[in-house]
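Residue numbering begins at 1 within each chain, and the chains themselves are lettered A, B, C, D, E and F in the order written.
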């Protein structure tokens, strides 16, 4: 028999499951694209937590797709091969050799993630944008400058994603695409996630980041914005309220919603089980950008 | 932003969801038959709790079937119609008029339950064993005595159950069947639930009761048995350890397991969310009888 | 060997089957909704005849749906429970207790009919409008007066009907629905049959009644109208040619045709096998209201 | 309104339909192979009657297949081409030229029948045993004598039959097959019907003939046998009770039943609607040979 | 081991297969209607070659349909039956008896072709336009003159073609149709092929003829036109450049393209494997009429 | 018009296509596993040729699966990272770091191949044995010595292969698997191809090598064996006729045939279009090992 305090504890557990009920109901059968990166990708325990969260999303009927970056490993291997990493306005200058290394590293990261997911009984399949001719890109030319094999996604062939998901597999995507000459290009992982979410008309697009969310005043933690509608986000961008790494991310959010994604989340990947907390509890964490106006 | 104690609270919630993960994984796609009765059927709040639990089972991929009794309402309406309720060894002596009243009351209870489930967004359909020729019975003759239209289930035609479940409906069953002359018979709800569970090769059969479970010594609450294998249950029956209303219930449990049900639960329906607590937390509540030996 | 007069007899039988051929051809795969009530529901032999007719409709490829009323049994049980039956303009004033009794009686009648059909090897399933959230109603307010739980059908969720029919079952419907608060309401059986026929775009809607059909002059049996088009029916209503219980029935007919039913029949349920006679012989019996003009 | 004697008449019609009910129930979805020949093929009105019967079989859910012969037309065209028809023990001696004529005539008869069926709104498709490689034969050598292109069916490829029936078409078969060298052979139509019935595990195989059935004493019309089981038929053959054209037919019946056909009928094709009379009335006409013993 | 010159030979073979690759890719899954007639139907070896070509088309994923004529055999059998063949402006005057003979001969030719295809392991099924009510015709009245049972196709019911092709069979069509009275009519085989190609929205329609193609100047073999667009073909017709038997054929080509066929080929059936040469080699042979302008 | 010598040339092309016909017929729908490696992987033109061959196999209805190795690139990158490549009996000693590099290189090679196939309009998807939990391995211990992450395939989960092939994709497999702890292992590509072919019950398993085939006397090119049955191969192994790199390959061939593969080919990948030459011409090249005895 359960003791009284145990009983209270158990009751709280039941309450949590019941609290999750309407969210489970609402999200059942919906596609959620998770951009996986930052600390959640480096710390072993956080990595496990994220995957457990994704497993739960899948089990209760959501359809998760994971898009990941290569983190700091690309630079490490570029260096190992005797080259110097070069950047232009934050974008890696990517010649043929660098692209070859990027492709090696991104696919290695991809398969490591797949292996970890298999270990946790999630039936993942790792692909990149070259497989099934999925991600089509054009060369990215910041300020008209040719920085090599860095691409923007121009269209997404979703066949392989539906094939895998219909057969019960979880797609894990490395952000590499091909241009019209079938040359390989590196894609920013946030952009790739955004393009996939739009093409799949995802219910949710989630960015796992290393920040707590969007702040009205980044110097004041108390000004975190829990929810904002897409028009407010647009104003923030126009008025220069946000800046730094947050600007392209917020731009991505707005664009994703403009093209059919219902809700975009910027979550702090350093918080264990941030996905579950955001999706299945009333308070949520991080910042959500919504399609429909808040009031 | 979440305050620290809020954060702790939220973490516990995430922990609960994660704790449920392996159970969700194990039970996905499995049939669970819930015999619904006792206090859980009379108390408005408990009623809501049970239905919420069933809703969660359905949402996370289980296939619930509900079998209910008529509780004390049959006696009330028998009295109203001017008849005296008569019993033989605990079985209601059921002449034609009494059977007619039983059928009215059981179907009313059935549709009330369906209405309540619809209200809570669960797509239930109420049937009895006459529908689709589901429950076949033979007359029950305790000590060779004819007590009227009281039947034992001899076979179950599962067509309608698969039809409803495949279309996403939750079957709610009133325990009435027909003999080979197509006369209506009252069936003990525990027996009906057991017959359905066997025919559907259910993963789980749950009896919601008004007791806490099976005790080694019923006078000592500390002797509650959390789990026992089917052979132990058989010994308990043979050795007369259990008695009273528990004896036929435990006999049902043993028989269900012998015919393909994996696990039978005797749960205390007076505990809110007892289904969730038993299914998705490590401790569980009540008594479980298992197919395979415990050690 | 057959003797000559036997032979003649047999030839007539073959002739009957051949006469039925074009009708069978025309009706194959079509939905027919039968409002079952009146004498055909009270007399044992007529009851058997109706069910045999429905069985034949099913076997030759039609898709029958039965909607029934509760006849005089509701009043009997209301009285038994010590209440006085009250009416306003022919509508039963239905408080909570009366509604509870109505629900009991209607479901009992429903399951009796199902049992009888099973006995005759027809695979029937009895449901009411609460099952699968099928019949949605709003409170009926004659002259703005609140007469309790009496409802008009506002919409029909046909999912369960298609599920049952696709699996080969014959749906038998008790006329109970729910309003937006999920409270139970009694529905006039004619209205329920009409609503179901419209929602299913039925080929035929049949009212089994205790009259021979529509008369130009009800005092003169020779003025029975065999067929009329919907515009003539409209004129009859407008000009006050019909009255009494026939008025709402004819109004239902017109409305059903306006919303997609091809043909509505008012048949005399006191005539044995009236369904077969009307459907499969050239003369037919009763009154048919047709979509397309007669000439 | 119907007058009284009309009413009686109508009641008899309804009675006939109802009498047919259990037979319709029993035969639904079953394959019936009809060997069409003799007078029923020559007389225009009988031809129409047979086709109407087959139409009714199809409409009420049976799956008819028609196998026909070429009747007397082959001889006519052989003569026209200046050849002399020759026979050995009742089998046409069939050289290349005769086979060519037989193929022309049989296919003409086939398409005439198809045209007539289309005219009566039955969706027929005419094929011979060469189509879809359906009928495989070996040369028939009566007393070891080579009589040319006369074959016995050795196996049946049923693919095309299922393809056509699943798509709702009625197959009409001309009895021509091919040997292992893909040469064309004439097949006795009774034999072809028997082979098809066995391969399709038909419920019924019907021979439309110009006799009334099997007699104990062919000189005494009163000795017609309505039903006999297969063992009795075997004895009749062994004891020489039957002879003439009936012997191979009865042998075919026995063989068909031995290989899975449930019931074989020898019907008098000169009786209008003999198929309906035999299938849907209690008395039946002609002789039926049954799988299971009569008593 | 292969010797050097063998090796060269083998390399050429591989080259041929590789050259065919883009054509196979382009035509995969497309319908091609082949009008089979002329010498290719009379010469045994050419006949085999055509069938082998069709087999290859089928194997590499195209969907061939064959339409054939009766060649000179009809006249032969008309004469044999003692009638005189009569023509009006090149069209056979076709009374009932002549039509009967035409039907016999066309179906014989049909089944001979089917038998030959089966021999070469192609699963053909022979049908005429009466089967499955496929070809509907109206009487053809040249200059208002009634020349008997000669018809123009007015519509095509494609059900049986899809049924056969979906099941993997190759349809072989004899050009016979029925009018609204279900009388049989002879159809010009070119017209029938054209009607079927249009109804099936065929990728290709091929006429196997006894000429090399369309010439600018028929007296000068060097003026063969390899490809022309449909507008040029129209001009040729309007300007009287083409004449004789080529005029109706070219008119058919234009009409076919106007109604959805992509490309029509006039091939010389006397050239072995003309189908393969035209379809899978760069040069091609004969004349192709194209939907889209050439430049 | 074609000139005469052109005509001859064209006729030879048609002949080649026709010669291929029976092979296309025989192989349609069959799985063929191609182990891709050696020179065919290094030389740009040979690479294109192999892919064109695979494209043709796919187009004519075969189901190709490609398994590749990493060639000499792994050693190159091991060196680049500052490690010394070490071997034991020809097997690379593979510590964690080496395995990481192997995984990077093999996946890069995999995606390069996929990109090239996409460029040639073949819809390939690249996976390794970790995806969808496809290849399960156990540690390989030559002479009981632990040489690190080198594995033998113990079982193959074919789900992902059927999923991809049913959706029309060509699977391209990198030979990496996981053991029961979900650690990554390098697999010999020949072994991986053999394991996949067995699990898929492939019709053909092809090893693209840098030798011409199996010789009776390797020093005498004239002793090349074109075909041998599996028992002869077994004798060759037992008698030590073959040795060197050929021994494990031939052992693989024997094992593959013992477990359900019909035919194994050892082809010289240095010969352009060796796949087409072997599959679709009578002579063939290389050595074929057959299931059934040769005579």
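Going forward, a residue touches a chain if its C-beta (ideal position, glycine included) is under 8 Å from a C-beta of that chain, and two chains touch if they have at least 3 such contacts.
Keep in mind that this is a model prediction, so the values were computed, not measured.
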Inset, instruction - State the smallest step count from chain A to chain D, taking one step as a move to a touching chain. - result: 3
Inset, instruction - Have a look at C-D, B-C or E-F and name the one that copies the A-F interface, over half of its contact pairs being the same. - result: B-C
Legend entry - Chain whose Cα centroid lies at the greatest distance from that of chain E: B
Legend entry - For chain A paired with chain C, centre-to-centre distance based on mean C-alpha positions, whole Å: 58
Legend entry - Separation of chain B from chain E, taking each centre as the mean of its C-alpha atoms, in whole Å: 70
Legend entry - Between chain E and chain D, distance of the C-alpha-averaged centres to the nearest whole Å: 37
Legend entry - Averaged-CA centre spacing for the pair chain B and chain A, given as whole angstrom: 44
Inset, instruction - Would you pick out the residues of chain E that each touch at least 2 other chains? - result: none
Inset, instruction - Specify the contact topology among the chains shown, as one of line, ring, star, complete or other. - result: ring
Legend entry - Order around the closed ring of chains, commencing at chain C, then chain D: C, D, E, F, A, B
Inset, instruction - Enumerate the contact residues on chain E facing chain D in the complex. - result: 77, 80-82, 100, 103-105, 107-108, 110-111, 114-116, 118-119, 123-128, 130-133, 159-160, 163-164, 167, 169, 176, 178, 182, 184
Legend entry - Residues of chain D that touch chain C when the two form their complex: 1-2, 6, 10-21, 24-25, 28, 52, 55-56, 59-61, 121, 212, 221-222, 224, 272-273, 276-277, 280-281, 283, 285
